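Letters A, B, C and D mark the chains in the order given here, with residues in each chain numbered from 1 onward.
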């Protein structure tokens, strides 16, 4: 008797976007290996952009063709469903936009290996060297982002997590100016990231021990039959939670975010603040809703506290920040909290869950876009020594660069969730979903969800203060004598800002199309 | 029978975690993290044995690969920072705070 | 007999056009204020013309009314829908209102004319006439309106005019303060009137005189309304306890004091009471009694104040208070009293205006000196002024057969019968009147000169003396004409009702004789103190009683300590509370959040190992919580 | 059939704003002229619309137009006006051109007498385009028949006003602006929760106001949602004790902006109470009436007393407004035809009266560069015309009979006193206490007049110039309106009354309205 090994089936068409990105990344590595230095950039940039745009096109094609796989693909490793495709689309757009920022001059160190201020750094800079490795690294990161939320079992998810994180650890360390900060950020991010992923992995092990499988479908089945209160399961679940909450930067796992966001090169910060967050939330949803959905009566109260804490911590600490990037980091913590409110808003009915999912997806899109736009503007406000990130330098910017400041102010208002900006509808959708779910669940829980929303609005009110503070600084204060110079933006950056602005305004006035999109994506829920 | 292995992995994991907290040298810290990962591996294979399927084993293999990759990245970072600061102490790097 | 029904005026005629009475002066005021500087040259003439015009209209309306049978002598002229569903704007032409209209426009016109001369040197004469016209218009609205809201509009309108005119020389701080005081104190009264209207509307669902029904017996509601209206009346008519503004009001130009603070506006309170008499002050009701008591008290208070003033205008102001006190007293005695009260109101309008304008004429000659101790022996220098002033003087002290005699006697007689105590107080008041008026005359026109160096007293121009003469004529004959054979009473009957028994006027009643005796005593005492004896040029310290009177019976002191001081403290307290208390809480909250933010950010130590620790703790807590929740 | 009136009315200023913003650099005068023109066009359109207003029973909202906006949220772009909304829109349309004319130089910055810059020079174009945007939003917020749309305007309005205060205001401008924004935003966010709750609980899948009336039955739910709405409106109105932002904002804002802030924006609060709090949550409204009336009475008296103690003209006027808003709120919650009609009328009249007072004070301050009353004195002698306007505006502020504000104040008080909604003496007592404000009003206005206008002329005042033609044209129309509506309030009341009636029908209180009480006349 000879055992027959059947070949694994891979749905290449469905996975095309993912494969394209990874393929391009590998190609990029080859370019680094073989192409002469002066040619590399001219290879890398088009390659990266085209691959991302191509991948996006492929996603669109799938959406248009509309024949989504009904089950997991790649031998159950990945689940390409409505939400995944939406998240992929968002990630690809955002990352493509971020690549445009990365492409901009003077963000990245000439030679990472050389000691700051040393002679050979001088030389490298004079020679105009650049680390074109950033492009393949970015592509790998993006690939990881695509993989992370699409994972259909804990293993794939872990791999995705690492593929996403490792390049980012490096990218954080490659800033041209303020290299000490950059390297420190990189190290902190790395150590803490690895630390948290260890937790994630141990959690995975525990869950595996409970369910005997790492696939979400299997896990939820096992929970459907087995005891829900098995300590093994609970321990595993909480450790998984640690890993994921760390990635979205929820309190009390938010500590890395400010430091890393501040230290990293701004384009990378933009990528992390938009892409990583989107991916992480997607993954969070898979674990909490798909994998451990049946456990929601246990994790809801815990997550309630986490969400409330995250919103408050982010909003409150941001008030006294003096560095614009750091402030945006805290704001992104607060927004992660808002997203958790959406994660909490689970219903008993698919239709209900679709509402929450739609809200979350919508929020991810609008928040990501606004964030990228905001960071793009941050890259333009420069001192001789690099970006002028200290808030005091922004005083009176409205006088010197009215349009730029105006746009930035608009993004801030979007973060604050003022009506007629995209951010408002994002918040509105989330809060509606939350209150709705509470309403459906009945009195006590209803009160709790409403309470969470109230916490949310209080947090938004506090958050509004520091957004407004920046506006006050830019418009109501007189400019300093030696104010920062406004770099002449490259076409890339202009494109980024314009795009983000158009989306933020457009969605702010006519959110319906995007809502519809998110709705169609959401209503075909997660497949198991 | 498998419980002992589980206890051991738990022990290893805890040692690793504590090590991360108490050791200053970045390299050592990093090694502790590796220890934690290996604790996970042990847990996986143990459970694989317990539940009697291969998934756990497979996971272990993947984890090793990932850990290797992590080593590459981590050492690179730590080395650069050592070159600039002439110190591999985790605590020396705290310009970014508050 | 009750007042007759008010009928809606249908046919045209002067009554239909009676709104012109108000329109003329209103237009005048508007023109003078809008085209201000450009009308400087002829502004005063326009003012006078407008006032005369409305006087003519008033006379014609009066004549037309005379032609009508009694039953039709109350005609409501509908003007426009004011507040839909609540009240329409309209005029009520009836004997009472027309009597007032005549007094206002008549005396008003005379004072307009007089002012041409009196204000001739003032650069702002045009503005002065604008305000006078405004006042006439408002006062006419007050007395002609056929509902309480319209009345109230006029009521505050005259308040505004008086505010503007008292403060006419607003660059003098004293004038500005006096003006404000007058308005504010009046507002206290208006509060009463306002709340009174709430009650009326709520109880009777209307504010129009035509729809209110006369009551025979009083009930708590009407009593409340009556008292509230009385409060309003006290404010306007400077009755206790709201008298304090009148004396300061003398800061205004003298013609103002004559017109507003003697002849017309201050009598509005009396009008209000009489107008509402049938509805809320039925004969012998508590409300009516309250009116009478207030009147009696005020007539004494005013008289006492009058005794101690050296400022001729303030002296006259005191006497005004006291005379209005008489009217109030009368108005508190039912239909009989109404007739005498209104009668006294009219005659008082004449002789008090006469006296004030006389005083003004004196001041005009003595370059605006008001201190009577700086006068003396003026009779030869300004004969006409002296003659007219003296007639007015005789009239006010009630010298037999002069106007004041009849009307005041009437009131006293009625009072003594209805409310003996109040009546005898009124008699005493008459005596005091005799004293302080004689004092005034002696100090001003007799004795030897106590003038300032640069004083060159001279008779005033004709434009000023003619009104004086006209007024003094009125002061002589009007009273007799109105009172004898109850002419006024019969005339007013349709409007205010008639008493069951028509009173006869006895020239030799005991009270009458007693009054005369007292007046004589008072006058004699005055002669003894100020005519015969030397008048010290500076005010002697005087007894406790004198100071009591000089300080206006401590009215201001009381207001000061009971209302102003606490008010100021309250204000300061409130402002402090607002800034430190409420706003403090708000800012404190903000500061608190900021502070906690400052403290929380310290947790972000920058040490990677601390962060790792927080992660570990987080994990522990998360696990613990999950296990906990799981096992609940 | 949907009418285009209101959409056009909103579109015109928006387009105007865009035009102004796109004008070439430095063409400041042109910007001003364009703005004035646009605002006048809006005014003209509004008046034409107002005269076409079918003052008949039947449909609650006239000139209705409803388009789908965000079907996923059940949100419509639904506009339409009842009488109250109409008069308030008219108020805005009247005030804006006046404000444009008044703030001709507001963007040029303010210098104190000693040459120190109180407010620096700013972009004129921005200011006036903000003004036009604000006008569009003011019209929108009153016209919205969709609760969500109302909320959107309610919040979005803050931004232009925030910039107008923060960047064109006085010395403390940014503090005031931030305070204003955060206060309102906080209220707004609470309201957002209530709005969501309303949508979820009603479960109608729509935000259209008419559908939502009576949708919430459970009294407990009503109370929570009511609270959410009411707090927002109370902050906006502003009602004691959440009023402290107004004095700062009004004192720091340029006179023109202050007029729109107090004259129109704050009316959104009282308007909202009347339209939404009452009609959507009638039971809750009735349940909360007593405490709210108490708050209103406190505002009336407290605002007046604090106003007396002010030394800064604009702050003083702001506090008088707090007192007046107390009257409006009292009238709204007295639940009687007369009181509510009075309250609605008060919203309009207060706009004119306080507007005039702010502008007159603004002109005075522009001449001296200081808002402190103590810095003036004897102004009347130097600039009689300015003083005259100031006095008239002040008298309107103390609601002198014969001026428009009296009618409304009288109606509110008498309507509250006579309200049979609760058959309680409480309302009567409230009316009596509030009537004390007529005394206090006389004190705060006349004392200010005495200190600023009367007395011996202060040295710096001697140099004042009297109003120029532009300034006269700013104040004259307001004064004309104040006096005109003082004697002929009928046109306004005729459109307001039916709206109030239908409100009271939705609130289900016995309403001894015009019909019965007026029967006699």
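Criterion: contacts are C-beta pairs under 8 Å (C-beta built on N, C-alpha and C of every residue); 3 or more make two chains touch, one makes a residue touch a chain.
Every value quoted in this text rests on a predicted model; they were computed, and no experiment measured them.
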Contact-richer chain pair (by C-beta pairs counted) among A-C and A-B: A-B
Innermost chain, where centres are averages of C-alpha coordinates: D
Chain B and chain D, separation of their C-alpha mean positions in angstrom: 65
Centre-to-centre distance between chain C and chain A (centres being mean Cα positions), rounded to whole Å: 79
Mean-CA-position distance for chain B and chain A (Å): 25
Length of the line joining the C-alpha centres of chain A and chain D, rounded to whole Å: 44
Residues of chain A whose C-beta touches two or more other chains: 187-188, 191, 195, 258-259, 465
Residues within chain D bordering two or more other chains: 182
Where chain C touches two or more other chains at once, by residue number: 590, 601, 604, 606, 608, 612
Every chain pair meeting the contact rule: A-B, A-C, A-D, B-C, C-D
Chain C to chain B touching residues, read off their complex: 601-602, 604-609, 612-613, 616
Touching residues on chain A, where the partner in the complex is chain C: 187-188, 191-192, 195-196, 199, 228-229, 231, 234-235, 237-239, 241-242, 245-246, 252-253, 255-256, 258-259, 298-299, 301-302, 305-306, 313, 316-321, 462, 465
Parts of chain B lying in touch with chain C, wherever the complex brings them together: 17, 20-22, 24, 29, 90-91, 93-98
Contact footprint of chain B on chain A as seen in their complex: 112-113, 115-116, 154-155, 158-159, 162, 166, 169-170, 173, 179-181, 183-188, 190-191, 194-195, 198, 201-202, 204-206, 208-209, 212-214, 258-259, 262-263
Chain A contact footprint on chain B (complex, rising order): 6, 9, 13, 16-17, 20, 26, 29-30, 33, 36-37, 39-40, 43-44, 46-48, 50-53, 55-56, 58-59, 62-63, 66, 69-70, 73-74, 76-78, 80-81, 83-85, 90, 93-97
